[in-house]
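What follows is a pair of complexes built around chain A, which joins chain B in one and chain C in the other.
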Partner chain A sequence: MKKSRGLGAYCAALYAFLYAPLIVMTVYSFNDAHRNVVWRGFTFKWYLTMARDADLMRALTTSLELAACAAAIAAALGLLASYALVRHRPFRGREGYAALLDAPLMIPEVALGVGLLSFLVRAGFELDFGALACAHALICLPYAVAAVRARLASSGGSQLEEAAMDLGASEWRAFLKVTLPLAMPAIVSGALLAFTVSFEDFVASFFLAGVGITTLPIKVYSMLKFGVTPEINALSVALLSSTFVLLGLNAWLSARAGADAA
Partner chain B sequence: MLEKALSRLLAGKRPAASHLLLAPAALWLLLFLLIPALGLVALSFAKNGPYGEILWRLSLDNYRRAFDPRYVPVLLRTLFFAGGTTVVCLLLGYPLAYFLSFRAGRRRGALIIALMVPFWTSALVAFYSWIVILGKEGLLNRALLRYRLISSPLALLYTPFSVLLGLVYFYLPFTVLPLYASLEKVPRSLVEAAYDLGATRWTAFLKVTLPLSLPGVVAGALLTFVPCLGDFLTAELLGGPRYYLLGNLISNQFLMAQDWPFGAALTVLLLAGLVAGLWGYRRWEAAA
Partner chain C sequence: MGAVTAETLLEVGPLTKSFGAATILRDVSLDVRKGEFMTLLGPSGCGKTTTLRIIAGFETPDSGRVILGGRDVTDLPPYERDVHTVFQHYALFPHLDVAGNAAFGLRLRRVPEAEVSRRVTEALALVKLSGFESRRVSSLSGGQMQRVALARAIVGRPSLLLLDEPLGALDLKLRKEMQLELKNLQRRLGIAFVYVTHDQEEAMTMSDRIAVFHQGRLEQLGTPGEIYEAPRTSFVADFIGGANIFSAEVLPGPAGQARLRLEGEHEIVVPLDPHEVLPPPGGRVKVAIRPERVKVFYKDELPFGALRFDATLRDSIFLGDGCQIYLEFLAGAPDKRLVAMAGGDRYAVHDDLGVPVIAAVQPEDVYILERDGD
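And then the complex of A and B:
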């Protein structure tokens, strides 16, 4: 038993390492000082400064719009693709499609970024909001596909769908009335993951953001590069909290999807 | 009419229906992934003109230049950091994966989600916090000074140490999850059998559990090593120019030096490393 306790303590230390930066920044976001290192008392002022920063709020709006577009595109493309991959009888090239759909996960984002940059510029496209949304949708697509595929592959749905068709429904009506409602939690959960990935993406945006577009991570990066203010702590905590909310929502949806399938 | 067409599309009795449903996603990948990748390959054989324009005089010059003594240190450093990160992550992560699989009991689900949270939070934000912790007047140095463990501040930030720390911090979950998945597949009955035959805990681990979890070790190593090769943000924020890695060199060619053909050649080398890694893994998997 003693050995087991040692292992437990080791794992606790590892978790402390993973969470140390998150805790430090949360604590310092309430620090009433212009520099990070000394604790001078509790304050909310950095959160107010952040909320009053018009540039920051514009960047936030851009990021939210971008993530919404990317998530919507990824969810739609992902649903169609997953349906064919899971429900259709095996066809030639299925493995190839599946590998291709996973590719954006494996390719380093720097390579994606410079590849898209050189392609878009040389093909004469503007590096605008649309271009960035398309790139984000590409990065998010594997997440949307994975969520919906897993749900469609779980057995419950296809039996119900067959039952509906035995009762005389067409494939389309069975899809609308049975499959889609059953898959909805997974579709939303995949879209939420996609939203999170897009919202936090820095590297691809860094290469593709043209003159006019500043997403929130790009704004944070430039604030970091040109002098650190405690405002960034507050902003980081706000970002962190939104991630927690999105992930919590996602866990709740997955649990619901699991409960439905049972 | 429309309902009938849609139904046939969904039924997927013919491959054409499957291809049609997959077409939007496939087109997206073609347009924004495959064509840009092929474009980079083409660009890597071109030449940079005096004003940053691209001259299509095809040659291998850019590849030759990548192995010029000026750039070899960056390539070697990238391999060194990726390898070092992989080793450290495996050593740190294996006991954690073992704990999650064999000892965590009911807390397992929560612990795995807790492991993923730092992965989902923005690396930008986490690295910024590491700057606050590791800086010359950062938290760590102040604490060490206060308790008189050191007499003058340690240089931690913008060193190889901080780059390695950042990489390990970010990629640890990538190592742990495959390790955990393969440890889950180790039949508990085999471990029990080893105990019944008189093996000590340690022997049972060395002779049964560890060999059976080897696929996870290889997968975890690959999933750590390959993304590390293309890492960009860690050295950018925690390393500074002296410790730039391949990802930073590529980014500089595209954003600062405006030498796209050379940057493209470096990216192709990076992608070749990735493909070689995946190919080797497939071979190993097929042989195992």
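And then the complex of A and C:
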């Protein structure tokens, strides 16, 4: 095939468009200067400053805990919902129920935030960590359902469950011994996705975070009021790196799940 | 339900099953003896797989019982029945290796690990998969997967093994090999098999008895010889071996014999088996004649065979080991052909199409089938 220079240039431009901002941010996180404009030499000190910033670390801990709770809730509910949607004998309105589970993906988060806020306040709930975790779980649930549902639908599971029951397993043990291990990569992958979604959530958290709860995105936003510091760059690079690790893990899990599906 | 002897392992019936408005089974009753190879044979949608699933416990019949080893298991779930199934699409567990699949049932029953490993080794050797223990099932060929499914089902030593078109996904050559192997395995293990297939040749090759299904009914239950030599219905005659089927009017005749008039023309007299009951004179029955039992003679030859029909040679197809010959012998129904099979290539020449011939049949080769309703 003839090589096209124009196409190569276009691709280079596209990737530059996507990644140049991230690269600039990464480079300046190592800049030995308080302002971003001039390069003054290489340093790790912003990473140390970041790590020593107690408020920032508290926000990070809050976000990690929040994401872990939301991911766990979403994965558990997602598994149950997917199982019902895929494995249950067809029931009236099954497609409708499935669509309703996916819908939160499309609903503007501002609307969701306002709705959650007015509901929680009206119902008399404290705007505490628990409330925020539930709200995050709600936002994450469609991701978990999508991952697990696709897996359950594709793995020929009902026949495998029948085979297990034929060999002496009760319904519950067939689920534990066959369906659950087969769905596990998808459950973990859905949970990782849910974790990421919760971790980076800003809008709903901004609406719902009561006094004393500061998630990392909210903290970073408030720090930005004083300009983009190298410390924020350093933090962003740290987050970026962990995201790539999670993405890699997810890809590995999906590949493994694909190899299993015979 | 037939005579129940000490040798009876499984009795089912009379089973009825509907899914919504569709009736899948109508009054199906059958019995399986210990160590017997029983085949449920029929075209797709005839109810054979539903019968198998009722025996396995995956479906509950609307009426009728399943008695296994003298115990009523109709309402027991699959995991409380001493029955294992080899599924059509294998249904191997992809997250377990070959040995893990074979050991699944034993581990559920908490058999000690030492015995699990001994019995898995033994079962894999029986299906010729020794050395495959730690292979992933996704790396196996179709034939190998089928063997794993078989090992997984026999390792628990059930009294009855159910097989749902287990060879359906294999190519023809492999299927022939597996047929013989399965039959040998069944003999060696002494386990009763209930085997579902739509392939009549496969059923003939392997079975001790065959249950022929059609539209949710059990048409006939018998040994391969009985089914072939004495079909009771036109469906059985046609589905197994193929047959010329005609409508005939019953004429008054002597006891023990049937005087019939074929499609308003030829009159024939054939012997009547003791179990056969004819409708009164004036009624109609269907009769069948196997193509290979029809002899064709040219006019200048001396025909043998007691029933002779003047016929016209209309077509002949050379099949290598013989010829399939199409004859016209009913002046009133020129489209109704009589098909004959003849060895050799004697009728392969097409010069003599349209010439008059004589078709001859022995009276005992005319099978009397069900009453003809119209």
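Going forward, the second predicted complex is superposed on the first by the 251 of 262 C-alpha atoms of A that agree within 3 Å, B and C clash if a C-alpha of one lies under 4 Å from a C-alpha of the other, contacts with A are read in each partner's own complex, and residues count from 1 in each chain.
The criterion applied here is as follows: a contact is a pair of C-beta atoms (placed from the backbone, for glycine too) under 8 Å apart; a residue touches a chain by one contact, two chains touch by 3 or more.
Note that the structure is a prediction, hence the values are computed from the model and not measured.
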With the two structures overlaid on chain A, would chain B and chain C clash, or do they fit side by side? fit
Where does A:134 make contact in the superposed view: on chain B (first), on chain C (second), on both, or on neither? first
For A:86, select first, second, both or neither according to whether it touches chain B, chain C, the two together, or no partner. neither
Between chain B and chain C, pick out the one touching the greater number of residues of chain A. B
Just checking: does A:107 make contact with chain B only, chain C only, both, or neither of them? Give me first, second, both or neither. first
Contacts of A:173 with chain B and chain C, given as first, second, both or neither: both
Check whether A:181 is in contact with chain B, with chain C, with both or with neither, and answer first, second, both or neither. second
Is A:64 touching the first partner chain B, the second partner chain C, both, or neither of them? neither
A:15 contacts which: chain B (first), chain C (second), both, neither? first
Report for A:162: first if it touches chain B alone, second if chain C alone, otherwise both or neither. second
Min C-alpha distance chain B to chain C after superposition on A, in Å, is 10
Both chain B and chain C contact which residues of chain A? 170-171, 173
Residue numbers of chain A touching chain B in their complex, please. 3-4, 7-8, 10-11, 14-15, 17-22, 24-25, 28, 36-37, 73, 76-78, 80-81, 83-85, 87-89, 91-94, 97, 100-101, 103-104, 106-119, 122, 134-135, 137-138, 141, 145, 170-173, 175, 196, 200, 202-203, 206-207, 217, 220-221, 224, 228, 232, 236, 239-240, 243-244, 247, 251
Note: in the complex, chain C contacts chain A through residues 56-58, 77-79, 83-85, 87, 89, 91-95, 104-105, 108-109, 137-138, 152-153, 156
Can you list the residues on chain B that touch chain A in the complex? 3-4, 6-8, 10-13, 15, 17-19, 21-22, 24-26, 28-29, 32-33, 35-37, 39-40, 43, 54, 92, 95-96, 98-100, 103, 111, 113-118, 120-133, 135, 137-139, 142, 169, 172, 201, 226-227, 229-233, 237, 247, 250-251, 254-255, 260, 263-264, 267, 270-271, 274, 278
Could you list, by residue number, the parts of chain A that touch chain C in their complex? 155-156, 159-160, 162-171, 173, 177-178, 181-182, 259-262
